[in-house]
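Below, chain A partners chain B and then partners chain C, in two separate complexes.
After this line comes the complex of A and B, so read on.
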């Protein structure tokens, strides 16, 4: 089993963080993982993306050419990466920010009102965690418990409040879809 | 042993410390900047006695780290590829003089380039200097090769380069690392050793003795060449030679397109030094009928079977080098590749580009090509002190002034027309000198403003300013002091008073330097103080006109991308009045704050509350006074 994920949006939307949580959670399930960011620190406020590969075997290239899963948080990234989803692959996007206009019929498309849902619980900047929850439910690639565990580990304990909010958002995103 | 989830740069730091390196210096530069902070964390957490910290520039960093190895402490220096240009003098020299303890030069290349001025190849520079290179293909190899580099350096008494690239340095993967770091007694010596007198002809060599050192260097390189054997994968008629990240892509593509019986893939862990003999002595793994070497063995040595020596030209129909970024293997072994157009001459060799190359070799058919729409361009953070500072400078000097920029976040001021030229670190000051002199020669009046950051000023901005004072060349030097190396991820500058262990450092004061070299106009201002800043810039302009000598204005405001900076920043919420906004887009084009967006529906500017940090700077800029405090 080898699954390739692209996560894309603007700088500041928590793109890299979302990828990091997926990678860490997969690691907890004894998978091989690679994580690759799109930019160095010298690009501020531009478009951000990261690529995560989760596999049972050693991974050769961390760069994702064709993705099994695409998670997008802005229109530009939606347009850019749409064609990179493999047939029967998954597209999960923030429907509060993106208009679905491409109409690919050979992939599974899941609009999520992520910014809206996030603003109901905390603030719209945390849409990434809603999408993470939905991704976990739809992909079944990582376990929700492992994602929660990861959040507890990588957010410093002194920001306990943040941990709780993130958990709530992940669970909300998870509950948006049926089994 | 435990498995850690590390970036390539973190893996290098772990590799170095595990190999016994106890002295690391460098200068920050994307994509190399995380090596030193990671090494600092390791030595702090594990209470290891070592010196790990930044230097003022790469040349100094190189000399300091190299000096440590001459005093018998294993050492390393880190930089990005253009940093190596700055360190070229000691780099070339150190190859001749050789090492005492192990010494690794880490230079991280940026093919693409993603965040550099050039996509030059550090391997080429090492070849010029006659320094062997290790070129990791994965994050795991970045860890292994750091240790290997020290071993190689100690075995031959030669500096060894570890060349990484953006993809390796910034990618993350699982790396198996020993839990315990062996603590060792450090035993520095220099001149105190018995053989010292014999060493003097090496450490302080005259030109004549240098010739002897060159011979010794050539001998070392010859020996290393002999033991530099590539590893072979697959079994086909076309031989592809590769190293670094590109090897990983090619490996996957060969599997993906089932080319195992069409291509033999050779991996060079060490792309220099090579000889044509290397190619002639390539041996296939024991079972020559095998088509695929299991992936698990990728990182292991393949048994070296020397029984079956192949005549390369007969066995392989073509030999092609596919490597990032310049033709290093290709030129040494005289193969096909960049020179005959099989491999693109510029740009990063991403998997899709490698596929194109396989297409050029007629190994696969034409595929669907992805088109990428333009990305959003980068811009300064909302609330950044540089933005308002440079807006103020533009306000006084206007669009006709020549703005010579430099390397730092503030390069992005070109988005709102306050930077006309950027060359390399420190060049803003030299260009200010150059333009001022040339316009003077042509009897033309021209306002010239040079813009440099605090860290870049320390790095290489000081010598050209001394020249400007000495020759009395009038231009305004703006020093943007945010007390951090912001662009590369907020490393500390020389203005810091504590190191990472909490030990006291002597902060270097920019004003003291500027005054001491004889600058007669020096003012310091916080750019958030709009009126005061404007007055100072106007005074500076007047000074330049009257006195015909350089002037310096320091804008000091903490980087708002640091916790400290954000905490101490004033909170002034703003709103844009829909009635007063005429939709002229002046704020969008001439100030370019990401938090001010243009609503195409209403044709008015509005504040994006999710991005705005309430710095309140934009209230000064609107021509119709539509932006106001709440």
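After this line comes the complex of A and C, so read on.
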């Protein structure tokens, strides 16, 4: 089963990193996975995004036109990508920063007070990890343990403090939703 | 062996180091910048030399010089940068100097844009530079293949004494995918009979491509042609998917082949007998296989992210024995699996309609 994810926000919100953690964790579960960044001529203040595809077999295109999951971290990305969620797909967004005004009723919409939650633990700039935790719970696409392992592996050991903070944030995001 | 998640460009760079790369020169251009970025740090660690040259032309001529000295060399660029390197690539081919040249294609013509494209097929396969030369051209379609074929490219460059092109594009260059860092046993190629290593105890040598003696150039050209003929016999690589029962065969390379493959799987689920032939070497081209398939099927559909280049080689091989349809999208846009599915769907549907008539 192929699942397509678009993650979007503005530069500096950890968009590419969020995608990388999902891709790494999927790889650990022996899935096929691709990660594709928006690259090159980005506009200051505009949107940054990446696309992750997880599948059981060779992935045709790493480029996602219609997504099963959309994770958004700012209003501009919300506006830009909202129409690209497949019917019955999932929208997970930072409700501390984004006003849900689109009114789509054919998709599953999950507002997460990600920046607020992140600021209670560490820093509102780490909202991406709260959203990651929520995404894992809601999508069941990757295992929470694999995401935690990934954090331990890809953040350099000398930044041990950051590893612990990120883990806490992911677990917090994970706990925000019922099974 | 453990899998690691790597960007296409990084896979090329690390595979090159593992294959014994000792001299890299290049000039920045998107979407291949991670290659020089990675090597600028990594190559000095293994006693290699990294140079960011003042231009593409300088870089490729440095490659010529270092290769003449007998070390493993590489340069990388993207479409307009490769255009600048073509003169020296012709010289490398003429002088029979091993080199690995990576082209992560972007949209053209002109400065174009930084999106992926396959519009440099002609440039890579038909020469590009002047004179009767050919290059061995590999077209990997995944990050794993970028790793594997980069290593093979260094081996083949030395074995066949030729520049080898790795023809990728912005999509596989920029994406990350799991890679098994396989290491085949590297062969040791003796370059002592031709490399410029200092003339101690032997007569001096010159590696040159100016052949002014009577009959000298023609003789050299026939020697090169004989080499290319042998490649056609021994170096062709391709992969086929579901072609045994297929009535329609798609021919596509690189990222177009990947995207076509997922569309083909979907069409097969609907009962359509469609398969894929994916040339991995673009030169030498799997023309013999295409000729054989053409005798058995009704139609080929060539899918390329350009306005129609490889389709000419498919038509030459088919030689009128079956129909050749084409779906192409010129470089510079992002083409999705949905686009290709729709096109293939229409082109196979047409056939069903015709069958009813």
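List of remarks:
Quick note on the criterion: the second predicted complex is superposed on the first by the 173 of 179 C-alpha atoms of A that agree within 3 Å, B and C clash if a C-alpha of one lies under 4 Å from a C-alpha of the other, contacts with A are read in each partner's own complex, and residues count from 1 in each chain.
The rule is short, and it goes like this: a residue touches a chain if its C-beta (ideal position, glycine included) is under 8 Å from a C-beta of that chain, and two chains touch if they have at least 3 such contacts.
Predicted model only: the values in this text are computed from it and were never measured.
Once the two complexes are laid over each other on the shared chain, residue contacts for A:29 go to neither chain B nor chain C.
Ranking chain B and chain C by residues of chain A touched puts B first. Of the two partner chains placed by the overlay, only chain B lies in contact with A:83; chain C stays clear of it. When the shared chain is aligned, no partner comes close enough to touch A:175: not chain B, not chain C. In the superposed pair of complexes, A:125 makes contact with chain B only, with no contact to chain C. In the superposition on chain A, no contact is made by A:108 with either chain B or chain C.
Contact with neither chain B nor chain C is seen for A:100 once the two complexes are overlaid on the shared chain.
Residues common to the contacts of chain A with chain B and with chain C across the two structures: 23-24, 27, 32-37, 39-41, 58-63, 65. Against chain C, the residues of chain A that register as touching in their complex are 20, 23-24, 27, 32-37, 39-41, 58-66.
Listing the residues of chain C that touch chain A in their complex gives 3, 5, 30-31, 113-114, 142, 170-171, 174-178, 255, 258-263, 265, 334-338. Interface residues of chain A facing chain B in the complex, by the touch rule stated above, are 10, 12, 23-24, 27, 32-37, 39-47, 57-63, 65, 76, 79-80, 83-84, 123-125.
Within the complex formed with chain A, the chain B residues making contact are 3, 5, 30-31, 33, 110, 114-115, 138-139, 166-167, 170-174, 245, 248-249, 251-252, 295-296, 298-299, 350-352, 370, 372-373, 375-381, 409, 412, 487-489, 594, 610-611.
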